[in-house]
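Next come the structures, one after another.
Both of the next two complexes hold chain A, though its partner changes from chain B to chain C.
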Partner chain A sequence: MKTTLRIIAFLFFGVFTLQVYAHHAFTAEFDRNAPINITGKVVKVEWINPHAWVHVEVEDESGKTVWMVEGGTPNTLIRNGITKKTLVPGTTIIVRGYQSKGKLCLPRCIANGRDVTFPDGSKVFMGSSGTGAPRDGADPREPNRE
Partner chain B sequence: MRKLGFFLILFFISLEGYTKKTEENSEIHDLMAYLLDPAAEAIWNSAGYVITEEGEFNLEPTDQEGWDKVKHGAKVISESSHLLSMPNRAVDNVQWVTFSMALKEMGERALQAAEKKDSEELFKVGADLYQVCVACHQIYWVKEE
Partner chain C sequence: MNSLKTIFLFSLVVTTSSLEAEQIMKTWFGDPDLQGTWTNASLTTLERPDNFKSLVVTKEEANVAASYAAEFTEVIDNPYEEGESPKAGENVGGYNTAWMDPGTQLFKINGEYRSSILIYPDNGRLPRKWTSWGMEAPSLYRMFTQANHPEQRSLGERCLVGFGSSGGPPMLNVLYNNHYQIVQSPGYVLILVEMVHDARIIRLEGTSLPDHIRPWLGDSIGHWEGNTLVVKTKNHHLQQRFRAAIRHQILMTENAEVTERFTRISEDEILYEFSVDDDLAYKDLWSGEMPLRKAEGKIYEYACHEGNYSMANILAGAREEERRNQ
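What follows is the complex of A and B.
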């Protein structure tokens, strides 16, 4: 009987968990299988709810590309130590995150940011918790399950 | 083994019911998509800052028309709490209604901020509003198109 209950519990929680995560905002917009590292200069920061946006200009042999990187709420960023004084235009940063599902940068390159590394080497979580983003260890408050 | 088969049948019947119920909740989906989302956007897009190398730009409304749009969004959010709590829409009478009433409070706070033209307070309300949205969506989720 115990085994039967375990199987039922597994099916219920397994299926319902999948349902919740399958429809989450992160998976609707971003590809968890397309991690990306963006190194470039901050050109614009939008401190708006519900997500702050950091525009990063990447320069390579093909020219300049601006990536729009979605962060957590402004309050979340501030709590993590990312403020208007630390994230200023002109700063070179490295953002680790995930590309949008449309990877062709049309009409623009968009990514979901997980953490940001500043010129002094400090790395700070810049994403959102509990939004369906991969539990990749970027969020120090979230247990790493993957 | 027979018991296992019986429970599996029960499971798939309940799963089918769950899926049907989710699909039938298009009323909630529409309420979110056509009322709450645009109303929340009106609040979120009217408070905050954009910083570029040229300087800092405040997103607060610059005229009465802009503040009136915020008031409209605020009122839609507070009144939507009642629409969400209608007996045929409320998924339960405890958490669902609690979250709905939290929306009412958010709407009322946003309205007060807009009446005072207090963009700092509106920014705070916008952050709190999002927390209510996330907390509710983590428990209840309406199927997307």
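What follows is the complex of A and C.
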């Protein structure tokens, strides 16, 4: 019995922890069989902690569609200088990710931003270093924000 | 057990000597001043990764760890080539790392880089009783597979408490929102935890609540030992038994008792030490330490319910799956 429980615990918690890496389970919300690749203009940003939602208007031959793209905490962005003044309506972004499992698009289509970038190369969303944590100079690549 | 006591005594001597008595900041009512906004964001995790063989690591090893972390984030920020689209069937993923705040380097204590928060057991691993952990699996499986109504989902998804042990005790770092605000008044210390807006009120020299009252984040009673705030917490909420994040997974049963020590060691740092005693889930005590560093600015208001479109999406997703399976 003990051995069985150990095996169950090891297998279960190993898989489980891969799923629990954020405030909620993405696999429960988004459809891995519904990938998206959209380019559109930001129409609104909901700066809500822990989930900012970026509303993007996409125009194609079938007309205009507004997507709500889920992002993480605005806290980190603001600490890195990304504010309401820099991520403004009209900004073009590319979103590559997955649509929600519910696809009624009422009132908006919903997607997660597996990869969100600006096409002008500004790399605002690329935060590989200098993520807002206090610095002690150990990482020479930390950007100087002075 | 003796080694554990030795470690605590040693660290107490070290920390008190690092800030001269006349420099210790006081509140207007005379208590040592711990107030401010603090963060424990760091690459150092609760348990020691296999690639580290000791608690203290060299600056070179710490730099390598920082470089690996930076390279890893580059990779996950750039999952596709330019113009390439995501493929059906892949993991839906999470956020760009710019949304996260996991820290960029290992933390230092007394000028030494640390490979784990755990300082006891010596191997940097939790002394788990796997049989107790295995017993938790069925309820956790249900929590992350059922979606008939919100109450079946996890506490984090329901905006009740943060995932992992962000709010503690013990307070452990996660991938983002690692901020805490400490506010003191005569007889009380309040710790506001950014994730998810939890406020732990520590009653100084108070008495514990009856055992059947189990608040979120437990029942905390504190007292001062010199310039160190010592907090003992028990009566942990039964729904907070299992606390999981990608950086740590801990089990805290109804028997768990946590002792924390907060010592202001400089203008910019609090040394945070803790010890967990839970004989149902662990074969031994476990203890750790990490710095809480002064954070710039204020904590961004947490408005979990207001922005929680996710709960509706999760429930809608479950209905869609039911429809497909009919």
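List of remarks:
Assume the second predicted complex is superposed on the first by the 83 of 146 C-alpha atoms of A that agree within 3 Å, B and C clash if a C-alpha of one lies under 4 Å from a C-alpha of the other, contacts with A are read in each partner's own complex, and residues count from 1 in each chain.
Here, contacts are C-beta pairs under 8 Å (C-beta built on N, C-alpha and C of every residue); 3 or more make two chains touch, one makes a residue touch a chain.
Quantities reported herein were computed from a predicted structural model and do not represent experimental measurements.
By the document's definition of touching, of the two partners only chain C reaches A:112; chain B does not. Applying the stated contact rule after C-alpha superposition, one finds that A:28 touches each of chain B and chain C. Applying the stated contact rule after C-alpha superposition, one finds that A:98 touches chain C and leaves chain B untouched.
Looking at the shared chain after the overlay, A:77 reaches chain C, while chain B stays out of its contact range.
Of the two partner chains, chain B is the only one that A:89 touches; chain C does not reach it. Residue by residue along chain A, chain B and chain C are tallied for touches, and C comes out ahead. By the touch criterion stated above, A:48 is placed in contact with chain B and with chain C alike. On chain A, the surface touched by chain B in one complex and the surface touched by chain C in the other have residues 4, 8, 12, 16, 19-20, 23-24, 28, 46, 48-50, 73-75, 130-131 in common. Looking at the complex, you find that chain A touches chain C at residues 2, 4-6, 8-10, 12-13, 16-37, 46, 48-53, 68, 70-80, 82, 96-98, 100-104, 110, 112-116, 124-136, 138-139, 141-142. The part of chain B that touches chain A in the complex is made up of residues 3-4, 7-8, 11, 15, 18, 40, 43-45, 47-53, 56, 59, 123, 126-127, 129-130, 133-134, 138, 141, 143-144.
The part of chain A that touches chain B in the complex is made up of residues 1, 4, 7-8, 11-12, 15-16, 19-20, 23-24, 28, 43-50, 73-75, 84, 88-90, 130-131. Every residue of chain C that touches chain A in the complex is listed here, in rising order: 39, 41-42, 59, 62-63, 66, 70, 73-74, 77-80, 84-106, 108, 113, 130-131, 133-137, 140-141, 144, 147, 153-154, 156-157, 162-164, 175-179, 194-196, 244-246, 249, 268, 293-297, 299-304, 306-311, 313-314, 316-321.
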